[in-house]
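Note that subunit A is present in both complexes that follow, paired respectively with subunit B and with subunit C.
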Partner chain A sequence: MRRLLFSAAICAMCVTGAQADTIHVLMENVPDTRYVQDLLPEFKAQTGIDVEIESISYIDMHSKLAPQLSSPEGGYDLIVVDFYWVAEFTQAGWLMPLDDLIKKDNVDTSVYLPTLMNLVGKVGDTTYMLPFYNYSMGIIYRKDMLNDPKEQEAFKAKYGIELKIPTTWDEYKKQVEFFSRDTDGDGKVDFYGTVNQGQRGDCISMQWSNYLYGNGGQYHDANWKATFDGEAGVKAIEDFKADIAKHGPTGAESFCFDEAANVFGQGKAFSFVTFNILLAGFDDPKSSQVVGKAGIAANPGGGLNGGWGWAIPNSSPNKEAAWTFIKWIEAKDAVRKRTMAGGAPTQAWAFEDPEIVAKRPEMGQLAILVATAQEFPTFTYTVDFVESLGRELNLAVTGQKDPKEALARAAEDFNKLVVKAGLQK
Partner chain B sequence: MSSVSSTIRRAGRICLPHAILIVFSASILLPLIWLARVALTDKLTAYKIPPEWAPLHFDNFIEIFVNYNFAGYFVNSMVAAIGSTIIALPIATAMAYAFARHNTGGATLRLFILASQMLPPVILVLPMYSLFLTAHLLNSWSGLIIAHLAINIPFLAWMLVAFFQGEIEQLEQAARIDGASRFQAFILVAVPVAAPGLLAAGLLAFILSWNEFLFALILTGKSTNTLPVGLAGFQSQRGVDIALLSAATIVAIIPVMVLLPFMRRYLIKGISLGALK
Partner chain C sequence: MSYSTANGPRLSQNDRSFGWLMTAPGLLALLLIVLFPLLFTVFTSAFDYTLLHRKYDTFVGFDNYLGAISDEYFSASLLVTVQFVVAVVILEFVIGFTVALMLNAVTRFKDVYYLILLLPLLINPVVVALIWRMFLHPELGIVNYLLSLVYIGPVNWLGDVRIAFWTVVLVDIWHQVSFMIILLLAGLSALPREPYEAARMEGASTIQAFIYVTLPLMRPVIAVTLLIRLIFAVKTFDLVFIMTRGGPGTSTDLISYYIYRSAFFGLNIGQASAISVLLLIIVLSLTAYLYRYMRSLT
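Take a look at the complex of A and B:
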């Protein structure tokens, strides 16, 4: 009897949870995940399928996913994939192609913005994911200041042009300079034109990309040969360095987006080149002093594109139910509800939907931002490239290395990595 | 004049150690006080420079239990830490006794045990994942306890060897002369004498398991996530939710803070007992 009870207790402890009517999803702990969670009771009512979402931090997702995806049978039926990992996951054969399911169920993928479908949808001619949400980068700015008639008059008097949402990089640079101010007369700038994130790695690489595009640069040519070490790249570093030294807060060389966002949220900066999804946070009185004052604009020359896609792993124990869920959550009704709640859509119609626009007037600018976004080089060794680029950029903006030398080194690393990945002929 | 200088010297003798202790104590306590302050405010106030002393509130503590599964994380951490410590302690005690008294396995086995502690956990976690997948132990309390045993048993065995060396052996021999069997000498003499050390080692094993992150991240799922995994979740692509993270950190350190005053006596005695051998 004792043995029986012991065995029963051990069995009760082993919660493997592989019930047929439950799908297990791994997601990042962000608001867009919460908007999905809010809709789960509706999905359950309509399909009878339970959805168990496990949401963890971004930095832990890759570590958690790698063993799951490389096993013959994993614990997740459905996952979300950041654009960083697309090449790695698809080349490793971890994701299930969705084309047959799309064809069978007549799912219209033309509703997705092409920039996002290319980023987190298709790889070559195969569809591995359906875009979930975008986090393309743009300029978050103080609309109360930009629209202030006194500021507009002073700006025109100084530069001879209108103060408005910038359409050229030079126009934005002028605005950054104009709004950098010494408000207490101690000779130091204490209201900043912009806030930079100069920390090595991902932080500086992502933000600097916008400076590169703003200066008319690109990462590589059609043969994947590095071009970012050209004139535009050097100018981008010089602009970034000047913004840190003259127009930004002390310590911005080691900021990442959280520190930078807090400077803007404290009402101490005019603008911040960052992910569009941060905008909602600036309207939260718990974390922002600029509630109702922040607007968003596309980066002149295009901002860095970013996004997540829904994918079914080959190791998924319940592929059919996972596909049912993807179809449901990406259907018009669910997308509208998620976007109304504050989500960042990937389908073109959502940016023009009257109901959504009435609640979120920034959708017009967001549409331009996402449509003009430029793609960061995504290939098997993207993570290695970001490490090299981030290190060299940080050395350059902190004055430890000449910008040309830093870019030359990063370009050399890039060329080696793309050759290794078989992309450069 | 000499009485003045001797007064100054005496004051210096009293004040200097206190000043040094205050500086060291402050370096440990100030981050904790700041953590508590951030936990009792919101993100906006937490990041204000210069700092602003807004009214304190418990909203963050309420939110981590209402909107996040912190009660579940807490229970999972408690089960894993208590379970692995309770199972590891007797096994490691027997191992340590065998090493100390009978030199079981010789230096090679001890070296292997030490080497298992020197391996980066990430090397162990992938094969462990495959094994657990086959044995259906993923996302289960039993799996998590087994994973933590893999860390705790070698650590405890290595630590406890010193407690069974020295005078304890003579006490055991005395017991054997009085008619005790080997097992009785171990249970009735060696273990009670080494009890402070066992308790200290048990407490350290509990803390090791309580703070363990990598195995918990890879081997658990939604229903078995532990506190360190839950804490990491407050860092997202939209920034660090510093106020909630601070509140959750306070909750995570409560058990150890509650345990420490009771265990301090044994911890100091136990560690010094082991160190002196």
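Take a look at the complex of A and C:
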């Protein structure tokens, strides 16, 4: 009996020991998460720490995180935070400040692009996160078509300008119109100039932001008063509607980025205003018909700046191991490996690293895309605002509401929320 | 001392105490699992309680209720929910009863039919929504591909305001109709044979036997089936969350998704609780009405 009890005690210690060396991470099911997963055996070999990643779809993440983080003892040691949750999470006191750890271990945060450090790193003077990957939006396009001399000649003959990477929104609109084609002669467009992600909620809000910036619009003025309901906003909705009706596939008003990406990946569209992280997927022969044909360019007027940051929740049961992992995965060697695999870096040097550029020539365009990206309003109630904006935009593009009325309602909600957040005077 | 019961012999005090003792753990568990969260929700609904401000220090009375009622999108969502519940309950009942009657007459391979019918019911609603979202992709989905073979389409299943609501209803029918079939079939199998034999001897046709014998005998089963299905239908969430996110516009914005948004996007647990209480009152009223109707039949 004594022997049995002794064995049980040893087993219990083993189990406890194993738990202490395991960190649980909640992440989104996207390519950049898979690049991290590929490096986990290496991390385990070097540190002895196991990393268990729970990889789920984006729409489930916020609703899973909010209750977990608000409880005193959470189930996650480490999380990734989307840029528009940052203000909410820090305001609620859910994230642990990292400044002391950064100072203690002499971690160099100057390697990060300042725009991304501001977006998913610092809040005021406190560092709550280290930027993980950027998903700034741009135009993914068919470079084989854009660079085709016959297409270039036909485009110049029709519009009197060169067919090249667009530098103005109007130029891009012309390209979308030019490449929308009826290839089987049945009177319907079946090769699309663009493909939209018009589903209600964050899908339409994110993509429409690029249309807003393209038309010269901004979300708010210096006093946080809404300005997106002005002329540029209305024009952005009209462009979005026209793209769905004339230049895009049936049903784009119900697509999120995955459905839209499938259309582009099947070789049925010329362009797709979307997250830069999707580019690598179009070079995967298992899921794409356009391998080697997709390129990326910055959105004229700037695309939406987006990114995720690594953060340790205050409720994390194993903060030390979580910090060890963050340091390791954000070190130069791991960043290079992730970027070579197709990841979207946040550290400035990675855009110019000869080894990376040799494998990924699009890094130059990605650098411009990130440098010119525009900020989406981030404040305590951004999630609520995105829902309101997404609902109104979807009502407008599906013809259920006049664009001006829809934007006026979204602006009214925005102004109420920023007043509640104490931003608008 | 002994007590009389409605149908059985009198119970002694000991039996009665023993009965309470045996049921006490169950009653206590019910109290903790059902009553406590319920009362806690009512309590929370009277406070400005959010996930950012997790304190019960701001009593707001009925403000959360009034805030919800005055929101145009709450009314829109309530209307969509009523339309959805009426549509799925009626259509699933009609289809379910028809199939149950047909299956009741079948003697061979009954188990095989049961198995096939039960399959959709066994699939998780999230998986159902994901599968159908792929099938219904207007450009790359199999449904529009099949329709194109007979020169129909492409149909904008989830993006057209006039169609999206009915698409969600159809997917719900595909998923849930088996539930109706199974319950109604169980009721039909348990019906006595004598009334049918008497009707046949009186010269009643099949339709007359259905109207004057089957329907009256089945009324209690039908009432229970409709009641259960109605309660489940009000709670539908996964289908719209995965397939439409309440869109296009507000055409599939069910109340359950509205509550979800209040709680997890707005972080406003007080208001989400208030709407949940309102929904509970509506469902309880409907349940009480149907229960009384059911009792009147028996």
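We take it that the second predicted complex is superposed on the first by the 407 of 425 C-alpha atoms of A that agree within 3 Å, B and C clash if a C-alpha of one lies under 4 Å from a C-alpha of the other, contacts with A are read in each partner's own complex, and residues count from 1 in each chain.
The criterion applied here is as follows: contacts are C-beta pairs under 8 Å (C-beta built on N, C-alpha and C of every residue); 3 or more make two chains touch, one makes a residue touch a chain.
What you see is a predicted model, and the numbers here were worked out from it, not measured in a lab.
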Exercise. Does the superposition put A:Ile59 against subunit B (first), subunit C (second), both, or neither?
Worked result: both
For this session: Return first, second, both or neither, reflecting whether A:Ile277 touches subunit B, subunit C, both chains, or no partner chain.
Result: first
Exercise. Between subunit B (first) and subunit C (second), which does A:Pro313 come into contact with in this model arrangement: first, second, both, or neither?
Worked result: neither
For this session: Using the touch definition from the top, say if A:Asn262 reaches subunit B (first), subunit C (second), both or neither.
Result: both
For this session: Give one of first, second, both or neither to describe whether A:Gly193 is in contact with subunit B, with subunit C, with both, or with none.
Result: neither
Exercise. Does subunit B (first) or subunit C (second) touch A:Pro31, or do both, or does neither?
Worked result: first
For this session: Answer with first, second, both or neither: which of subunit B and subunit C does A:Lys401 touch in the superposed model?
Result: second
Exercise. Can A:Arg391 be said to touch subunit B (first), subunit C (second), both, or neither?
Worked result: second
Problem set entry | Shared subunit A contacts, counted only where both subunit B and subunit C touch the same residue | 59, 63, 67, 262, 266
Seminar exercise, completed: In the complex, the residues of subunit C that touch subunit A are 51-52, 54, 73, 133, 137-140, 154-159, 161, 164, 241-242, 244-250, 260-261, 264-267
Problem set entry | Parts of subunit B lying in touch with subunit A, wherever the complex brings them together | 42-44, 47-49, 125-126, 129-130, 133, 136-143, 214, 217-218, 221-225, 229, 232-240, 243
Exercise. Which part of subunit A faces subunit B closely enough to touch in the complex?
Worked result: 10, 13-17, 24, 28-31, 52-60, 63-64, 67, 71, 73, 75, 135, 257-258, 261-262, 265-266, 275, 277-278, 281, 285-289
Exercise. Mind pulling up the subunit A residues that touch subunit C in the complex?
Worked result: 59, 62-63, 66-67, 70, 88, 91-92, 198-201, 203, 249-255, 259, 262-263, 266, 268, 380-381, 383-384, 386-387, 390-391, 394-395, 398-401
